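The next part holds the structures, each set out as structure tokens.
There are two complexes below, and they share chain A, which is joined by chain B in the first and by chain C in the second.
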Partner chain A sequence: MSRCDFKIVLLGSEHVGKTSLVLRFVNCRFNAEIPYQNTVGAAFCAKAMRSKEKDYSIGIWDTAGSERYEAMTRIYYRGAHAAIICYEPSSHESWTRLRHWLHELRTVEDSCKVYLCGTKKDLLDGGFVKREVAEEIVNTYSQDLNGHFLTSSKTGENVDELFQKIVDDLAADVEVMKTVTESRLLLTELDKRKSKKDVCAC
Partner chain B sequence: MASTSNDNVPQHMNAPENASDELEPGACHDSILNPTDSFEEFASEMSSSLRETCLTTKSSTISEIQSEILETAEDPKLKAAKSSDDLQTKDGSMSASASNSNLIEENGDDTDDDKDYLQSPELVNKEKHVFILSTAGKPIYSRYGNEDKLAGLCGVIQALVSVIEEQNQDILRFINTKDCKAVFLVKGPLILVAVSKSNESETQLVLQLTYAFNQIVSLLTLTQLNRIFEQRRNYDLRRLLAGAERLIDHLLVFMEKDPAFLLGAVRCLPLPEKARENITNAITTTCHKIRDLVFAIMIAGNQLITLVRMKKYTLHPSDIHLLFNLIRSSESFKTAESWTPICLPKFDATGFLHGHVSYISEDCQACLLLLTVQRDAFTTLSQAKHTIAEKMRRANCLVAINNALNRNEELSTTKPLKHIGIPEIRHFMYKCKSTAQLFSSDPISLDRLQDYRLRHKEGGDIVDKKITKLSDIDYVRNYRKFCNQIHCVATPAKLIFRSSSQDTILSWVTNGFELYVTFDPLMEKDHAIKAVDRLLRWIKKEEERIFIMNAPTF
Partner chain C sequence: MITSKMPSLRIDQNDLKCKNGCDYFGNPQWQGYCSKCHREQMQRQRKAEKASSFTSTLPRSDQRKSERGLKLSSHASFSKFEEKRLRQSETLKKTNLLKFNVFKKNITDDHEISTERRQPEFKIPTAVFEGMKADFRVRFPSFPPQIDRDARGFVHTFILDVIKWAAIMNVDELSERVQKQYQRFMKHMETSQHYASVDSDARELLIDFVEKHAMTYLHELPSIVFSPSGTDDERQDRAMSERIQQLSWVGEKHLECKLDRNNAECRRLLYKAISELLGMDAARWSGAKLARVRRCARHVLRLAAPAPASADDLLPALILAVLKANPPRLISNINYVTRFCNAQRLMTGEGGYYFTNLCCAVSFIQNMTAESLSMDKKEFDCYMAMPASIGGSAWAAALSLCGATREAEEQSALAAKLLEQTKEIQREAENMANNAATFEEQIAKKVQDVLAKTPLEIKPRRELPRLRREGVGSAPPPTTEPGPARTSEPPALLNEPSVVIDETEKLNILGFEVVEERSPSKSPQLDRLSDLKQSSSTELLTPSPMVLTPFDCRSLDEVLTPDEFPDNIPGLSDVNYDIDLSDFSADTSLAEDPPAPDRRRTFDPFAPQTSKDSYKLLESFDEFSIVDNARESDPYEVVHRPDPFGSVLDNDEGRASILDDSGSPTAACLLPSPIQPQNSAKPT
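The block that comes next holds the complex of A and B.
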């Protein structure tokens, strides 16, 4: 059972910058010195957030983009409340993979909210890379989804906004909040029982 | 000036052994590791016949554990859910990779550029090349250069192997030239080749290739690897190995430098007995109720701190080496808790264990691995980890680990040669056979490996430089020949004493241990024997610190 209220999973092909996005959001930093290294399996981070004066803890699963882990990724998005699918506007290939994830999520986790996230905005703005994925296509796709953000983990642009929107959306969702309240209750119940047991054992 | 004695070990050499029924330093009755010989691997490799190169796997240890747990599970619903879950994902993984394989474009056109490329500075004058290709001749990995441009070379390798296989019904093992050895290993759907100008023997090279193969199995499982190539012989495995070249790169460097591979043993982080006990207790008291947990392993700087296991199961040193390599080569474990499938080829090559991997805390670079057969156990294990870290902090274990890692001068194990007080000994390494653990006078420090790797990235070239002061890496390099003679299958040596103008090296193997010592040159035999005697007594005295002397279970 998870101790986090909301489970958010990051998907997307390798090298689009999922880990950098999480590190920017959770630790507020971006290290340009560290060379790229692929994520092994999946990494988990938790962070406390506020929405409408209420506190929530969110758990973020940063999955590996490598194809090797594709079959495994299902473990990570099972039961996720929200998914961020990342792509690089300058890589058509990453966009093709995004459609794969979208399809996968729709069939396996249809209640999961889906957000698109274009990464490395700074490179695009600075003219270091050329856009390969047309904005119109992205807009058409994101219409049916819960949101689209173009972010830069280097400058931090739009990163907090993305996660804030997700938490706001989830907190406003009656169905989601019902399960959150239930599991919170269950956890406190369990904790109580556990601490009682511990006392007895001594 | 080498003298080798096969049978008649001088009487007095046995002195430290026959002191009553005392065990040799480091030995204990229960071992967490399978006692092994790295050379056994080679022997079994060499005895394989042509037909057996198609790898078949025996029963799966992982499913054995799963069914055992399920038998005792009270909830029958859970039982059904679990087993079907496994089937689904196994099939799922295959259909995913199979469908992808259809998308691959063929790129096998060799041109004349290939030949020029073989002469490029990226490839010439390297001490050791390693190539991995599929039996269909598709390049998978090259230690140097770009394997894409090596399609021609891979074609030649594949042709060599298959001609000998088909026309002579034989296996191509080595090609030796004046200054170079080429060693071939065909394993299942893969061909692995090492081309080396180093002083490593064919045996040692085969062992390294086996490790490289196991590294790939560890990422994919043998089942998946075999199935991929059964379905599509021409599959480009690099798709599935994306990002994993790094692991093979690091492993190759690690194997050349660390005696752990030469000896088939694991190095432990020297710790006060009490500290290690506290760490082990923190793990056992926290985890004894987590039923699917198979191993809890704590490591720091390529050294083992403790290993707690499920009853009946032990680990092979080679599996631990792969875990060391994974941890050391992956930055992503440092920033967050990770949950990843890991296959341990010696433990069970057919399936994945699921690993919770995390560092104990920001101020202590010890890494904890919790390996389970249950894929949904992340939250449970994450909580367990935090409890363990908390208990360790309260028992002051983090300080003890940091002292050992920072090589605090006050510890006798930091500079053992100073403590032993035999000035003629320049370097030694000792392996306790029954527990597969090793200790050496100067553990190869991680920083130095890092350094080496940086230099290696640029080079790996053969250089003729005058070595003025030997590093620990150079000592280990010198022991290779001796190690090989001691493990020679036809005429194994028990004791070798060789003096040269540079140094005197003694290597000695008994039923219980292997010992390699480098002395000053002109060291006389009986003087050396006395020194070894004192050395062994020191190791015995310190054994509780430098070795793990028990085999805790959950």
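The block that comes next holds the complex of A and C.
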């Protein structure tokens, strides 16, 4: 159905490969099984994922990377469960933009899980481009984040791993959340009963 | 009274004085006051008027001040405020209207209404639940009626709750409350045991169903959920609409989207997207609105085909679509969806994504600057200063063209349909014609069948003569015996040939026994008649049309009948002619058998003679032949002499006038007269 359990937002500056990442993930892995929205485009993709014997449907929201729409990005990640911030290791500019989003996410949606994703790994491994973002800096940044992956949409390397990790984390989180809410409900009910009893006693 | 009204010649001096009682004279123009008192009076009146008007406007201006507060200073905010006030008065009107609608009690008594206003007890029209019931049956036919009742009960409490709290809460609180209601229903579905058999997909459909019916009803009520009172949604709508009008010059190159307005397919898709956007306002619950947005976005995404469209393609194209569409009440619609849709359900999926994109597009349009369009600020300002009417872009033209082509397509489709229909009609007409033809054939066949059967029916006809023969068998004595008397009694003689014909017919069918019986009866006749015309029989048997013989004047009246004229074959035609005469006998048996003469002609050589005899006798009754009989020796002079009109006209002229042959066709072509042989026989 049109409902998705998890909302995952893709952020990143222009031409870092957000759309390619989504296309790779959605079309290759379960290619035969679910040819979801091949014709419509990669702006929004929904996919069924499995984590710990439970099915979840995730909706991946692509965003426009162009700088002129940067102001509106906030509308996109409102209520997102997870965000993937993409950067290009060979472009320092993309990294600076990443810091901006990171900061915004921290302040606006603090419950949102953030994953860093360095794209175009194949180019990096092949030596076609030079690494501009130092690995140490990335590591320091990703320490207090939920994860960091270097992916290649061309070969499909690490793409599935990235999304699987996100779903696993969210699923675990949901379990926790559920138990929390249930226990809270129980408590409130108990409170009500108590208060009623109190009233009666009086 | 009467006297005062009566015109009196004497006017008292007091009447001329000022009404106020001052010593000055008054004037009727100043209502009987003197000039000074009148002025004072007028001033007093004006003051009183002012005061009354002031008191009436005073609370409003106070209200204004209190509402406006510090913003009052700038002129721009004042105009905005005016707008707001207008809007408020509008919504006030609406709420009044709403109360009349919602309180479904008789509005006859004003007093009653005023009491009702104080205690708002809403009664939802039963039609809402009737419709819901029907819809439920269609959508969830397998669900137990318990769920149906549940859903309706929930919608009822939901609507009442919202209406109750709408007056007290602000919009955000209300929105939260609505969301809680959705959650309450979901929880209810989870806990209640009669939902145990319902799977999660159906549950989602059910919550959609509930939302749809509740919100559809609430959407219709003004200022409750759609552009609620207390918000400036309506003002924003107007501002947005004006803004979009101002930005009508923005084209695809400003937004850097890859659209080609010269491409018909591209135009068509954009046109479709725009029509979906425009249709969003008409949809009533957020689910339907979101569906519209989704369809719009899909059209926009298809613009980027064949490459899979990403968000980088979607957003600019969507912005362009919004700019070109200028959808009505856009902000109100967006706010309505964000506030009152079931957030958990609708906002997480695809619809939510596209809706978010629409929000982005709207916010981009609101905050559009020169930088965001990456153009020179001066140029941007120039464009913005331009009156909206001038700034029509080429896109507007392209889209109107698209609209026109669409209309043309519709028309052509209609025409094609009509053509098809006419073809169908033609086909059916042909079918019908075929049917008619086959029917005709069938009928013809049937007729033929019947005709084939008719020869069988002739048998009774053949019987008929036999029956008559029995009659005739007894008759012979009278036929033979009055033979000599015939000369004296012509009608009796006229009967004779008819009997003969019948007998001759019988001869063919039954054999020769009768012939032997008959022939003696005939022979005396022939013998006797042969005295009158000796050679007539021989003449008739030798048909000689080539022989031009003198015209018979006595037969003039018969010859002139046009029916017989062209058929006049000499010799043989005489036979026909005679039979007609024999019909005068009023013998029905003869009339029944028209082909009889032919047969008789071939089989009975005596027949013509007998008929000739009858003719001869008939002639004796002719007014001309009376004279004729006297001078039988000269038949040529008969016509000339016994002219009945001779007394009136000259002898010569009389000949020409009525009985002259020159006017008749017979005289002109000199065709042989049917009775020709008779005459030709005479001179010889």
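A few remarks follow.
Convention: the second predicted complex is superposed on the first by the 157 of 202 C-alpha atoms of A that agree within 3 Å, B and C clash if a C-alpha of one lies under 4 Å from a C-alpha of the other, contacts with A are read in each partner's own complex, and residues count from 1 in each chain.
One rule holds in what follows: contacts are C-beta pairs under 8 Å (C-beta built on N, C-alpha and C of every residue); 3 or more make two chains touch, one makes a residue touch a chain.
Keep in mind it's a predicted model, so treat the numbers as computed, not measured.
Contact with both chain B and chain C is seen for A:19 once the two complexes are overlaid on the shared chain.
Look at A:69: by the touch rule set out above, it reaches both chain B and chain C. Once the two complexes are laid over each other on the shared chain, residue contacts for A:7 go to chain C alone; chain B is not touched. Residues 1-3, 14, 19, 23, 38-44, 62, 64, 66, 68-69, 71-72, 75-76 of chain A contact both chain B in one complex and chain C in the other. Contact residues on chain B toward chain A in their complex (touch as defined above): 89, 92-93, 96-97, 100, 219-220, 239-244, 246, 326, 330-333, 335-341, 355, 357, 375-376, 378-379, 382-383.
Here chain A touches chain B in the complex through residues 1-3, 14, 19, 22-23, 27, 34, 37-45, 62, 64, 66-72, 74-76, going by the rule given at the top.
Looking at the complex, you find that chain A touches chain C at residues 1-5, 7, 14, 18-19, 23, 38-44, 46, 59, 61-66, 68-69, 71-72, 75-76, 78-79. Residues 201, 204, 256, 297-298, 301-302, 304-305, 308-316, 343-354, 356-357, 359-360, 363-364, 367, 371-374 of chain C are the ones that touch chain A when the two sit in their complex.
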